[in-house]
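In the two complexes that follow, chain A is the common piece, with chain B as its partner first and chain C second.
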Partner chain A sequence: MRRYLAVLRGTAMVGLVYRFGYFFAILGNLLYIGIVYFLWRSIYQGRDTLRGLTFNETMVYIALGSTIFFLLKTYSDWIIHFEIREGIIATYLIKPMDFQTYALFAVLGSTIMNIFAISIPTVLFMIFVLKVSFATGIGLALFPLSFIFALVISFCIDFFVGLMGFYSESVWGISYVKEVILMFSSGALIPLQFFPDGIREILLWLPFQAVFHTPLMMVTKPKLELDTFIPMLGIQAFWAIALIILTRLFYHQAIKVLRISGG
Partner chain B sequence: MSLIHIKDLGKYFKILNRREGLAGAFKDLFSGDYRTVKAVDGISFDINAGEIVGYIGPNGAGKSTTIKMMTGILKPSSGMILINDHVPYDNRIKQAQIMGVVFGQRTQLWWDLPVIESFKILKEIYKVDQKTFDQHMGMFNDLVGLGALYSQQVRTLSLGQRMLCDITASFLHNPQVVFLDEPTIGLDISVKAKIRSLIKELNRERNTTIILTTHDLGDVEALCQRIIIIDKGKILYDGDIKKVNALFGAYRTIKLQIDGFTDSTMQQLQEKLKDKFGMTHGITTAQTEEFWTDVTIDQARTPLSDVLGFSMSNFKISDVRIVEISMENVVQKVYDGALG
Partner chain C sequence: MQSLRDYIRLYFIIEAQYIKARMQYRADFIISSIGMFFTSLVTLSVFWVIFDSVPDLAGWTLTEMVFIYAFYMLAISPMQILFDHFWQLRFHIQQGTFLKYYFRPLNMMFYYTSEMFDLKGLIQLVTGLILLIYAASQLHVDWTLSRIALLIMTLFSASLVQISMIVSAACAAFWIIDSYPVLGLAWKLREFSPYPMTIFDGAFRFAFTYLIPIGFVAFYPSQLFLRPNEVSSIVYFSPLIGIGLFAFTYWIWTKGVNSYTGTGS
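On to the complex of A and B.
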């Protein structure tokens, strides 16, 4: 375990090296939230609620949505594909560690950095500058767990796509398809409430919504009953475990191909 | 018992016969037209603890494939490998602990971080205890002044500095065997010398077994007592370097640019050299590139200066280059039976 924590520490430090990039990421995010704030303020002019949502709720949904979406993008598909194509993967395979666990901890390191560098400043900005108030409730307590599940699911999907680099040299195509499916069926592009009932029912069972919709619900509607959250967490847990097993099998298969047919 | 035991090792790749053009590329999607390439074709050798072995051969000879099998990345198609009595690809994680590898073309250091951080991460990955770590870092500092580079980002290092870091990093966990794949590629003479002395020193200090693949015969001359020459997946020679040394140590090629060169010039040169030195004195002539005549001599039998002086006094020569013999030439000479 200590060896993987060292990797986590490493990628977190890589994040710090590029503090200038962080500065702009924070600035860009704050700018985005500022624009959204004034846009929705003018839409809400003279009205208390729109479609049952107050101004405050809409702000929280959009601002936290953009932050969470950013946090859950692991880019593992691109990184792993690059490492396979350039043969860098050989330098991992000669080390006494498991490549998939290594890749997961590398993602965790940069995600932790992103939480401190981007998410926390965003939330502080919303509370102290825009005077947006956050609802509290049981959902907030469940959020960290839900977020970890979401991150594992997101990582597994990206890792799976990245591994296709062993079979195909053009992973970018697959990666774009994945990106579109994820944007669309996770609720990141259009909130799931706006989908027709039948399609929404199906989407709620898929792993994609578990990446984005579920953790976002926890922070935007924390006052919902525990009974609503438990099944959502259940679906997340199921997909997290199922995808770990699936990627594990695929990883072993891909490595076997590599060992037999070369890089 | 030897540290590395290899018996009848083979590695075959199935390669799709690709067709030409776009239409061909489409047909290839459904093609079952494979041919088998024998990258490594039944090699056997044993290496003892503490040896430095030069594993050499031209491009595509099968060197890297052998290294990849020994490190457990590739699985052999036939035969067997035992390193420290274990099969590398079966206990990969356990075996990785006793090996160090440097691929000259890529780095195992963290590109964006200061040098020292890579060493700290490797310390955790290989579970090196603090005392050993301090002791090794001290040794590396004494050998190549690594301390001066600690705070520098890896991506800002020169190629030579990066290679010094990469090589020392591969010795950090005190491995029993270190594979160095082209460690001096792209480096200038003075850095090469530094790297060679580092490798020698590390081998002496820790009694680490080192397998060195290289294109630079100078590396082999400077470091190895034993040499294995491989070509087309088969071992051509395995033995004492002294015997092979004569092949590339003493041979030099003088490249001459002769004024007014015609088809008969080469003939004349050949005959004049023959009259003067006699054809048994290890002199051969050839033309490998336009305007240049190559005269390869065996310095053990005929002094280079004699041949050069003689040529210059008999022909109007506008330019001269002296080059060391190439890997391809050595392999050719081995094929021609030079090692008897």
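On to the complex of A and C.
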């Protein structure tokens, strides 16, 4: 465990070097929240609720979604692909570490930095400056657990796409498609409530919604019954475990095709 | 200094070589193109989902939004196809490989830009064109010769606005090294350019019209074709805005190039 914590500390420190980036991330996020505020205001056009969401709830969903986006976007696919292409991956393979666990802890380092440097300041700004009101309830208590599941699922998806670098030079295209599908079908762009019923029913079973929609619902509608939240967490847990198994199997297959010439 | 003709000839020679080299990775081209196409499809789906709940967005119908989005796709294509190399400016600056651009008897921006020609952007161009023709026929836009001339002119200035935004954001690397946060911000902002600027109030509308004029990438010029009677007079200045912004960006680039000291290696 200690060796993985060292990896975590390392990536957290890297974050500190580019402090300027945090400033822009917060600024960009607030600007984004401002823009979607106007966009959704014109969609609501004075209506109280649309699809069972009040304007305030939709704003909490979207604003918080773009804030946790910085935590859930792991960049693992890009990093792993880069490491494969440059042959750097060899240096990790000879270390007494499990590569996937190593990659996960590398992600955790930057996620923890981003929680303090981006998410908390943004949420404080939302509460105290924008006067966004957050409802309280059982959902808020479940949010941390749901968020951890979401992070694991997001990481596994990215890790999986990253491993495709063993087979194809073209991870740009695959990563891009993954990104676009994830953003759209997870609720990160539009709350899933707004989707037509049939499509939403399908999306709610996929792993993508477990990344954004489920944790966001915990905060948007925290007053819902525990009976509603438990199945949502169940689906998240299922996908988290299924994807961990799947990526591990894929990793053990993929590693066999690796050939590094010299270096 | 070379003449314009030499530059054009040179550009074709460089691009021909580049495309030959890229064609080694045919699968990459195909997958990337699918990715590009998919992105457009998803953005359209966002409109579709929004319009599933509401009949109009600030008075604009779905078909009109498709027209604006198609215009947007065409307007961002030159940036994507011709200026894609600017995404890598920060790496060249960080690694010191940017120095090589100082050693050719060519305009540096030309030389730097010419080193990349993004083929997958062509998919975006074609998709945009098909969508524009489709939406325009649905909306009964009457394509007179002067309208087509107007379209070309407005697209030209809109793409200059887009190019200026990304290039100047990339140039931040000359001073802060890792310009990704600035580029990411510019990228995020531009994704809102196909939305009606009339949804914004006060400071935001002012900023998107005069400061970071994403309104001129798609919405304001599209108005000329969709609702010519509602156009505000500022829209007619769009060529000036495009050229002016590009001149300003070139000035930033020159400043940056002159202040860069390399990495010492």
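To be clear about the criterion, the second predicted complex is superposed on the first by the 234 of 263 C-alpha atoms of A that agree within 3 Å, B and C clash if a C-alpha of one lies under 4 Å from a C-alpha of the other, contacts with A are read in each partner's own complex, and residues count from 1 in each chain.
What we mean here is this: a residue touches a chain if its C-beta (ideal position, glycine included) is under 8 Å from a C-beta of that chain, and two chains touch if they have at least 3 such contacts.
Bear in mind that the values here come from a model prediction, so they are computed numbers and not experimental data.
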item	value
Partner chain in contact with A:3 - chain B first, chain C second, else both or neither	first
Which of chain B and chain C A:202 touches, first, second, both or neither	neither
Which partner, chain B or chain C, touches more chain A residues	C
Contacts of A:94 with chain B and chain C, given as first, second, both or neither	first
Which of chain B and chain C A:141 touches, first, second, both or neither	neither
Which superposed partner A:14 touches (first chain B, second chain C, both, neither)	first
Chain C-contacting residues of chain A that also contact chain B	18
Residue numbers on chain C that touch chain A, as the complex places them	25, 27-28, 30-36, 38-39, 42, 45-46, 49-50, 52-54, 57-58, 120, 176, 178, 180-182, 184-185, 188-189, 192, 195-196, 199-201, 204
Complex interface listing, chain A residues touching chain C	18, 20-21, 23-25, 27-28, 31-32, 34-35, 38-39, 41-43, 45, 50-51, 168-170, 172-174, 176-177, 180-181, 183-184, 189-190, 194-196
Of chain B, residues touching chain A in the complex	13-14, 39, 65, 68, 71-75, 89, 92-94, 96-97, 99, 101, 103, 106-108, 110, 112-113, 117, 120-121, 123-127, 153
Contacting residues of chain A [partner chain B, same complex]	2-3, 5-7, 9-10, 13-14, 17-18, 86-88, 90-91, 93-98, 258-263
